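Consider the two complexes below, in which chain A is the common component and chain B and chain C are the respective partners.
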Partner chain A sequence: MSPDIARPVTTPFPVLQARRVSKWFGEVIAVNDSSLTVGPGVTGLLGLNGAGKTTLFKLLSGLIEPSQGEVLIFGQRLRREVGLFRRIGFCPESEAMHDWLTGREFVSLMLRLMGVPGPEIAPRTAAALDRVHLADAADRRIGSYSKGMRQKIKMAQALVHDPDIIFLDEPLNGMDPVARHEIIALVKQLGAAGKTVLVSSHILPEIEEMTRNIVLIHHGKVLAEGDVTEIRDKIHDHPTIVALSAPEPRRLASFLAGRELVMGVELDERGRVVARTDHAVAFYRALPGWLLAEKLAVDEIETLDDSLQAVFDYLVGD
Partner chain B sequence: MGWLAKLTGTGGTVPAGERQLPLATGAFWIGWYSYREMARRRRLVAMGAVMLVPVLMCLAWRLLDRDGAVSASLLLANLGGIVYVPFLTALVSLAFGVSAIGEEVEEGTILYYWTRPVGRGAIHLGRLVAAQTVAATLLAGSLALCFAVITAGNFGALTAKFVHAYLVTVGVVMLGAFVYTAIFAAMGTGLKRPMLAALLFAFGWETMTGNIPARIQQLTVVFHLRNLIGNTEAGTRSVPNLLLELLRQVQHEAPVPQWRSVLVLLATMILAGLLGAWLLRRKEIFR
Partner chain C sequence: MPVYERGYRHWEPSGRREAAPWWVIARRGILAPLRTRRFLALLLLAWVPAVVKGVILYFSFQAGDLMKLLGGSWSAVDAPGFFAFLEKQRGFVLIVLAIIGTPLVARDRSENGLALYFARPLTLRDYVLGKLLIVLFYFLIVTLAPVLLLALFGYLVTSGATGLDMLLLTPLRATVYCLLVGTSLGLVLLALSAAGRRTVFIAMSWLLLFAGSALVAKILALFGGPWMKLLDFPAQYEHAGSLLFGAKAPLEYPRLISCLLIAGYTVGAWAVLRRRIRPVEVVS
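After this line comes the complex of A and B, so read on.
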């Protein structure tokens, strides 16, 4: 691998940072005084249509300039230091591509424009195409590709130079279930390898399959940032609902009803003990100790509204 | 990071892994692939067909002018001064120049160059040089066909002066293509409806102002191109020579030296190129 491209992911600065960023178009404020920090791992950027998600994504990836505030990558402004794009991979939502090129030619060109030396172009291009399972169609013109194949070639060009930061805008658009599964696995691999991956999507189940770390934007403002469970824990208007399956449900229910962390308890139609708590994280930490002390057994624990959809609904509303 | 370090990709104190590509490298690869793309477009076929019109005019001359009323030199002088400059050169340059950057932005494909460590100047330069090359090649090819039709079996026309006049015409037309393409590329980068502005410039300002026998003519590209194309053998029967003579009589001053016209044209091309690069640097990519 060329020494110009490979470098360890260590930096004194946050990888990606937005500081009080605003963007307006005439009188319309698309992003309003938003700050966030994104580090290694996979982060999902969520928001309804018109929430400012796309504008925030374009601000973070250097495609547009903030009206106010700044976006920093490794402590530098991307729009001023285009050299930073050596460390960035970008997979756009748009399907527009150079249709007259073959997949291989396209990825090779993108690699050349990264300054990769000539002898490395062919093997790295082949490796990138293999990674997205597009090797068989690599020598066909992009214009003849299906929607899913176009999505894969976009991923290939975003990853071919082994970037430290990867921006994925609706990466699963148009993909069949097998391809979806492959790309989700790839994204998780990248996150586990310490890459910083920012995925923008309006399809919550897709984000949920890739990561528990989210940034939620609504009406141009960052509403929440962090792990879904931790965010959920802070939503006091809607207590977390936990269902516990136990051999002695009534005894368990009676015990939990007296706990300070538990707001209410009932038995559901399946005989499970359903508890409501305002402090889910503390509840889960305390639960094993309680069960041991009271010699109570629990077969299964399920959080009924810890999903991304639930968090999204509680924060954004219908 | 100094501008020179950025231009050469040496980067100064910036680590190698964060340096932008040298200007020449980025411009070369973008230019090479852009040239290949432009050579595939339907636009090339359409312009190629238009380039055959002067060739047909030469053919008509060969067939119809049996008594030699119009000499080869006069034909070349008028072809160069009326057909190629200002019409065909501006037309071809407009066809490829306006879309050099504008089309990439419109279609959204510029995003792939944008998200590479390539200076915006290199993107503009690469696309511009590709467009200039395609435009100039089409025009030179058309002139070559005209030369072939004029001289085929007509070796009396093949004088040293005629060949010289032909080579000067080719050079001036190609220079004109380079200048006009740079201007139209800047328009394509900076304006929302560049085609309208380009048409108004090419066939409004250039045509009207370029024919007024006054000093204001010197503010047009076509004036300086005609100034270079002057063909003494054709005398005032050549329209360009006639226009220049008219200007001389009205202004009562010496004609503009040709070296000055070359400088003006080169300066215009360079300034238009720099303007285009500056406009591209400020652009935001929404697609």
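After this line comes the complex of A and C, so read on.
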């Protein structure tokens, strides 16, 4: 099919699926009986150093094979169908690269390995370099690149063949704030375009800037996957704390205290009503109806502990 | 039935591939060293013996027997003469392949190239074939290419007096010999490159294997007899190759033993490559 007459793709299979995957290195188990499904959009793969994040990332991207279980891309096993790699873009964590090549040579080499026809190599390479804001440095040797530029050239080679699934391993390492902003915007743009983007990081604010959808791994097990708020709602040991700024805080507090979904209410030093609930999603669904029925006004609602950090801390027990 | 993808615009390569992945790897690896002037100078230097032989060939047919006598094997235009020429190129083979071959896999292993390569639609065979062709190309440049030109030159200089043997059989023998030896040496060199990460150590290992083993075997042969020459790595290729060219056997034991040893080197090298270059890690 010509790239000019591209077609939308649908499949009855999940884009990326791991089924009861385990991986041992000798007697050390790096990933233990983990299952997950990743769909279109940006998903953050989170975990502390040594949690098994990198191993899971490599398993999902087909670079290593599980000791048990299977990883499927569009319902097929990667290593049995090497052609599937054309639909994958992989951006490794390591900065070590082909230093003797220029950025343009490197990206075009990687594109040629995808089997892209010759006439398309130059325009696609130029477009990928432009996309990561490296067009000006494209003809310099990679050896002269800064750390941030190396990250960008790795991104370029991962995106140059327009893959469906993009694996980004710690993509913001070593980037300055401007470059970080550019790459975060690019990742969000890819997710919004329907690409499946899996971003691995141990820096929570980085992930938080890109997505609310996460896979959390700890001690080799997938602890949670899904939207951060939904995951947060399922953590019953730690009630969700919601702060509401209202013109009539005491009347609001009194009303909320009588609701079943609310476990406790108090006023904080800023005069806000602080409510605790075990069922944040149900609470948020019910709140507008309550306010309308009671003619209560609320200026601002803030969830105090559904940040990725809080969810992460609750789940890993730190 | 759920539909998981959201219908974004997807591009996939059309029709036939532009180039097989092994060719992409080989092409890049062959062209890259040619940018270096020093390496080009080395290649030119490797052709000096061919030029010398060409000149001697020319004058030996112009000046007659005296020049042939002075020229020795340099003036020989038969198959053993060209075989002797190929063996004289051994020093250049050693150096050129050390420069070209030692970093081929080691650099990819240390610079994360393997992950980049194998996250693409290529197999271990594509990768090894691509790298092997790089070694083979430069091996042939310093061995087969001058022989073919000299054979043609000799045929022209003698106005066809050397016959079809010079024009067809000698080039054929040389081609078969160089392809077999180049493939075997290439795999051994790639295996060394895959076994380490620092090119300096790999180059030293290559020198030890190539030159060191010959030296050690010669010394040991003084005390332990001719069988000690089994340790001489490059001599096995010469010994086996002498059969193909109808030249005198340089070693005392049967050529079959050298053939078996070469097969062993080659299979062993492939086993090392399979173990060290891993698109997937397999836990035993």
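Brief remarks follow.
Here is the rule we go by: the second predicted complex is superposed on the first by the 309 of 318 C-alpha atoms of A that agree within 3 Å, B and C clash if a C-alpha of one lies under 4 Å from a C-alpha of the other, contacts with A are read in each partner's own complex, and residues count from 1 in each chain.
Here is the rule we go by: a contact is a pair of C-beta atoms (placed from the backbone, for glycine too) under 8 Å apart; a residue touches a chain by one contact, two chains touch by 3 or more.
Not measured: the values here are computed from a predicted model.
When both complexes are overlaid on chain A, chain B and chain C end up clashing with each other.
When the two complexes are overlaid on their common chain A, residue A:174 makes contact with neither chain B nor chain C. Look at A:249: by the touch rule set out above, it reaches neither chain B nor chain C. In the superposition on chain A, contact of A:83 is made with both chain B and chain C.
In the overlay built on the shared chain, the residue A:109 is in contact with chain B and with chain C. One of chain B and chain C touches more residues of chain A, and that partner is C. Using the contact criterion defined above for the overlaid structures, shared-chain residue A:98 touches chain B and also reaches chain C.
The residues of chain A shared by its contacts with chain B and with chain C are 3, 6-7, 61-65, 82-88, 90, 92, 94, 96-98, 100, 109-110, 112-115, 157. Interface of chain A with chain B (complex): residues 3-7, 58, 61-65, 74, 76, 81-88, 90, 92, 94, 96-98, 100-101, 109-110, 112-115, 157.
Listed in rising order, the residues of chain C touching chain A in the complex are 1-15, 17-19, 21, 24-25, 28, 32, 110-113, 115-123, 279-283.
Contact residues of chain A toward chain C in the complex are 1-3, 6-15, 23-26, 39-40, 61-65, 67, 79, 82-88, 90, 92, 94, 96-100, 109-110, 112-118, 121, 157, 161-162, 164, 167, 193-195. In the complex of the two chains, the chain B residues touching chain A come out as 1, 9, 11, 14-21, 25-26, 29-30, 33, 37, 40, 107-109, 111-120, 284-287.
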